[in-house]
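Following are the structures in question.
One chain, chain A, appears in both complexes that follow, with chain B as partner in the first and chain C in the second.
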Partner chain A sequence: MTPGLLGNVALVLGFVFTALGLLLSLFAWWAKDARYVEAAKRAAWLSFLAALAAFFALEWALLTDDFSIAYTAKNHSTKSPTWVKFATLWAALEGSILLWATFQALYTVLAARKLKDYWMAPAVLGTLLGIELFFFGVMLFVANPFAPVPHPPSEGPGPNPLLQNHWMMAVHPVLMYLGFVGISVPFAYAVAAMLARRYQSWVAETRWWTLVAFGFLTAAIFAGGWWSYEVLGWGGYWAWDPVENASFIPWLLLAAFLHTALVQERRGMFKTWNFAYITLAYAATVFGTFLTRSGVIQSVHAFVEGAVGPVFLGFLLAVLLVGFSLLSRVASEVRDVGGLNLVSREGLLLGASLVFATMAFVVVLGTLFPLIVEAATGDKVSVGSPFFDAVFAPLGAVLLLLMGAGPLFPWGGIDAYAARALSLMASALALATAVALLFGAGFGVALGVGLFAYNLTALLAQAGRGVSAWRKKGRGALAAVLAYLTRARRQVGAQLVHFGVALAALAIVFSQAYRVDAQKTLEIGEQARIGGLEVRLLDLRAKDEGFRFAVIADVEVEGVGVMHPRLHYYPTMNSPLAAPSVHYGLYNDDYLILQAFDTEEGRWATIRLVRTPLVLWLWIAGGIILFGILYIVFPGFSWGRKRAAEVAA
Partner chain B sequence: MKLKYWLGLLIVVGAIGYMIWGGLGNSLVYFITPSEYFQDQAKYAGKRVRLGGLVKQGTVQYDPKTLELRFVLTDGVAEVPVFHKGTPPALFKEGQGVVVEGRFEGAVFHGDNLLIKHSETYQPPKEGYTPEDVRRLIEEAK
Partner chain C sequence: MRRLVLLLLFAALALAQTPTGEPPPDLSPEVFRIASELRCPVCQGESAAESNAGVSQEMRRQIAEMLKEGKSEEAIKQYFVERYGEWILYAPPRRGINWLLWLAPLIGLLVIGYGLWRYLKVAQAREAELALSEEELKALERRLEEE
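Presenting the complex of A and B:
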């Protein structure tokens, strides 16, 4: 038994079991017989075990330095540390598809356990197995990690050094795929709901899945930003790079879906919107993979060369076709209950979802625009951060306004409490903006401060409303607060998420506006002012770390201490990678990069200092958002306390 | 009532559309070679562009003390003097394909972002290359 053999057998078995499960689901649908659903669930279990076997086969090959299969021969190195070897599984295309397939199989099994609706079950399972079949098919026929290598090499190049440079790269892709795959469950339910013509209940049944997927995506995006901050050596966390955009589009569409799904659950409205949003959100995960894996973004010419690109494009079109053809078929049957009053909670939730959807559209447009221009005029252009920043600033401000007001409104209209709170929030906005302007802030920063104060006031008003509802039922002050925190978990969790978003917005505004970026060349022992700080170059030394060679500068920074920015030389790369040294602070981060050094005599080094305010709060905000989502999601599938939460709301 | 909503929607969509359109128009960055620049100087005047070409032999001046980098970018036909403040990337050398992002200030191109275009199969072009050769070289090296 070799890893290659085990892997190939597992892939074939996985493909067969998945196909079998799909056929059983189709038959269950056609024959209206639930027994076939049970059989399909067993097939889903078997295909999950097969995917797991394939996963372990590839880990086996990586950890035992087996170069007889294509994936290790192309992406593995015996010199990597063990954790890098383990994470190499998702460091390149074929392995990441295997990881995706394994997660898809896992989610299919987990979702299958929760299928209650007799009419929808076969369609949900069938859709999930159809998706899983696609991934097994891609591995078997297009990008097989276990393809045998006729003359195995004894050493390979190892994974991309950028990925080896930080442990975060072992975590970020896993979170991303857990999020991507998570969206497939509500999507499958939506397809089933449209097929079975049961338009209302699927939203509530998939809420847990939607939140879990949203949580993983959020974590993945923050982790990616932090990785970029710590590794890429330019002192920023987000560059509107196509790969970043690819992860952001599904997040935005899922956020849009979350807000209108809430309305459908409580008020029976926006059913068509929800079908459209979830279809687009799932399609966006495939679109992102297509963009980043096919090479289409770098050059139009790579279009025909990448084998995986067209396959994912086909899958993307299939997802859109299934979603929207079903939607157009049922659009005439879907009737919302009651008319819409825009000045109400549901009206503002729709507004928020529209802003999210517009943002998603802007990201898609900005990412694809170079392709459109090149196809139309032949000009080579690029769309950079200025475009995205210019459009996202006003959209973000609108979103922050809606975010504060929405949860205060009752369903259906406005009441006296919401009106009073709104006038208070407007005063906070005006006051804080004015104070910030007085302190010499620019208009954008002042507005950012104002919106933060506005949202802080809004959160207090929301909490006040929740607590006073419990007090009216005769509880003491402390008991009412406790009851609110523990019984209205969904509301409290949402407030935490909203607070995290407001904090993140503030951190983004400040870190973009007041960034200092300066560099200087210093002789060893020399001291100079860089970006307002006294900096002294103490020493420059080299270190052989086995799988890489490091050049380290010891730099003393005023008020911080000695920092050690490095340059890493990897054998497979002909240019060094900067490993910045970051000192995190409550007000400012000091970020030191070794830009260049005297290669001949080691006498001087060029040191770059990036000083950015409030970046630390961005990562804290990410933690708060995740905690808020966890607060809603745990303890899991049970929603017994929902009624209590509604009373409080 | 209905009309009011439609009007509001129209205004919002119009504003967003205007914002996107204006934003795109102002922040498009063209990728050009020196000879393409000289064919239509007015089009790129004062605009941010990405200028691609080869670092001309014997023109590189870099002073690590002042961090001032000067070199001439060529595509075989036309040449542009480039000024860049900051450390050149590790692979920066004469004959190398590079892309500089920045603006023309008079006859000198002031770059603020210097990218090396390098692939594993990179070969410096032979003598007598054309702007098309240079462009292909740089595009393929991405």
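Presenting the complex of A and C:
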């Protein structure tokens, strides 16, 4: 038995079991016989085991340096540390698809366990298995991770050095795929709901799954931002690169969906919109993969290109076709009834989802605009951060305004408490903006400060409302706070998420507006001012780390201590990679990059210093958002259905 | 000893490093700010401030020089546009087809907003259609009591 043989056998078995499960689901649908659903669930289990076997086969090959497989021969090196060897599985195309397929199989099995509704079950399972079949098919026929090499080499180049420069390589892609794959569950439920004509309940039933996917995507985006901050060596965390955008689009659409879904859950409205949002959100994950892997768009993330581009394009079209052809039927059948007062909880939820959807539209258009213009006029244009920053600032401000007010409003209208809180929040906004202006902040920054104060006030007002409701029921002060925190998990979690978003916005505003970036060449022993800080170059040294060479500068920075920015030389790269040294601080991050050094005598080094305020709070905000999502999700699967039952009753 | 290792390594690396006898120039924050709005011509979607490719370093040096000469930000950008075309700007100039891009948020808000408004209007009309008048309600109540 070799890893290659095990892997190929597992892929074939996985494909066969998935196809079998899909056939059984179809049969269950047509024959209206639940026994076939049970059989299909077993087939899904078997295909999950096969995917796991394939996953372990590739890990086996990587960890035992088996170069008879093309994937290891191209992407693996015996010199890599063990964790890099393990993570090499998703460092290139074929392995990434294997990881995706494994997660898809895992989610299918988990979702299958919770399928109780015999009207929807065959269609949910069938959709998930159909998606899984696509990934097994890609691996078998287009991008086989276990393709053999005729003459196995004894050493390979290892994964892209940009990837193995940081341990995030082991984390960020996994989170991203867990998020992407997670959206397939609500999408499958939506397809099933459209097929089975049960338009209302799927939203509440998939809320848990949607939040899990949203949580993973959020974590992946923050982790990716931090990774690029630590590794890419320019002191930024988000560059509006096409591939970053591709991960942001599903996040935005999912956010839009989460907000209108609340209105559907409560008032039975926006059924067609929710189908459209979830279809687009899932399609966006495929679209992202198509963008990365097809090479249509230039990006720092384009580590691999291959024949999968057209295949993913086909899959994308299939997803859109299925979603929207079903949607056209829904649109002709669903007759939502009801007036909607725009000054109410549901009105503001609608506003939020309108802004999110618009943001998604802007990101899609901005990312594709160079292609569109080139096709239409033959001209070449670039769209990057100056455009996106300019456009997202006002949209973000509107979103922050809606975000604070929304949860305060009762359903259906406004009440005295909300009105009082709103006037308080407006005062906080005006006051904080004015104070920031007095301190010399620009208008944008001042507004950012004001909006943070506004949201902070909103948070307190919401908590106050929740607690006082419990006090009126006769609880003591402490007991009321506890009751509020533990009984209204959904509300409290949502407020934590909203607070995290407000904090993240503040961090983004400050770090964008007051970032200082300067560069200076110092002789060893020389001291100078860079970007307002006294900096002394103590020494320059070299180190052989086996799989790479490192040149390290020892730099003393005023008020920080000695920092060690490095340049890494990998045997496979002809130019060095900068490994910045970051000092995290509550007010400012100091970020040093060794830009160049005297290669002849080692007497001088060029140091770039990036000083960015409040970046640390961006990562803290990410943590708060995730904690908020966990707070809602943690109790488990079951309340989705309980909640649905409550609403139905 | 360590000095020796360093020198040996430097000798080995001299080939890999871009050949520069002189150290790179000192750059002010202004330089990086301008460079961040320009594309690195040889990179895969990185700005001239982010990238460390030779061209980007050269661009930053040129920006620093032009700033020293007292040129304005606009003039500096114009210089690069003349050399590379408008493609070098990360924010496309506001004219012609590019308006489509700059107005995208407005277009998005209006189109999606119009869709939502249409939806709400229809839903509201249905509600009005289905709603019962006072008399109908009373008639129904009476029937319930009778039965």
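One rule holds for everything that comes next: the second predicted complex is superposed on the first by the 630 of 649 C-alpha atoms of A that agree within 3 Å, B and C clash if a C-alpha of one lies under 4 Å from a C-alpha of the other, contacts with A are read in each partner's own complex, and residues count from 1 in each chain.
Assume a contact is a pair of C-beta atoms (placed from the backbone, for glycine too) under 8 Å apart; a residue touches a chain by one contact, two chains touch by 3 or more.
Fair warning: this is a prediction, and the values are worked out from it, not measured in the lab.
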Notebook entry, point to check: Between chain B and chain C, positioned on chain A by superposition, is the outcome a clash or a fit?
Noted result: clash
Next item on the list: Could you tell me if A:362 is touching chain B, chain C, both of them or neither one (first, second, both, neither)?
Entry: both
Notebook entry, point to check: Between chain B (first) and chain C (second), which, if any, makes contact with A:27: first, second, both or neither?
Noted result: neither
Note to self: Let me test your reading of the model: by the given contact rule, A:373 touches which partner, first (chain B), second (chain C), both or neither?
What the structure shows: both
Notebook entry, point to check: Who does A:273 touch here: chain B (first), chain C (second), both, or neither?
Noted result: second
Notebook entry, point to check: Regarding the shared-chain residue A:45, is it in contact with chain B (first), chain C (second), both, or neither?
Noted result: neither
Notebook entry, point to check: More chain A residues touched by chain B or by chain C?
Noted result: C
Next item on the list: With the two complexes superposed on chain A, say which partner A:119 touches: chain B (first), chain C (second), both, or neither.
Entry: neither
Notebook entry, point to check: Clash with chain C: which of chain B's stretches 73-81, 109-117 or 127-135?
Noted result: 109-117
Notebook entry, point to check: Looking at chain A, which of its residues have contacts with both chain B and chain C?
Noted result: 298-299, 358, 362, 365-366, 369, 373, 379-384, 386-387, 390-391, 394-395, 519-521, 574-576, 595-596, 598, 604, 606, 608
Margin query: Considering only the defined contacts, which chain B positions touch chain A in the complex?
Written below: 5, 16, 19-20, 23-24, 26-32, 50, 64-65, 67, 86-91, 116, 118, 139, 142
Notebook entry, point to check: What residues of chain A sit close enough to touch chain C in their complex?
Noted result: 232-234, 236, 239, 241-242, 269-270, 272-273, 297-300, 302, 335-340, 350, 354-355, 357-359, 361-362, 365-366, 369, 373, 376-377, 379-387, 390-391, 394-395, 516-521, 531, 540-542, 544, 549, 551, 569, 574-576, 578, 595-596, 598-602, 604, 606, 608
Margin query: Taking the touch rule as given, give the residues of chain C at its contact with chain A in the complex, in rising order.
Written below: 2, 5-7, 9-10, 12-14, 16-18, 20, 23-29, 31-33, 36-37, 39, 43-47, 49-53, 60, 85-92, 97-98, 100-102, 104-105, 107-109, 112-113, 116, 119-120, 123-124, 126-127, 130
Notebook entry, point to check: Where on chain A does chain B make contact in their complex?
Noted result: 298-299, 342, 358, 362, 365-366, 369, 373, 379-384, 386-387, 390-391, 394-395, 519-521, 574-576, 595-596, 598, 604, 606, 608
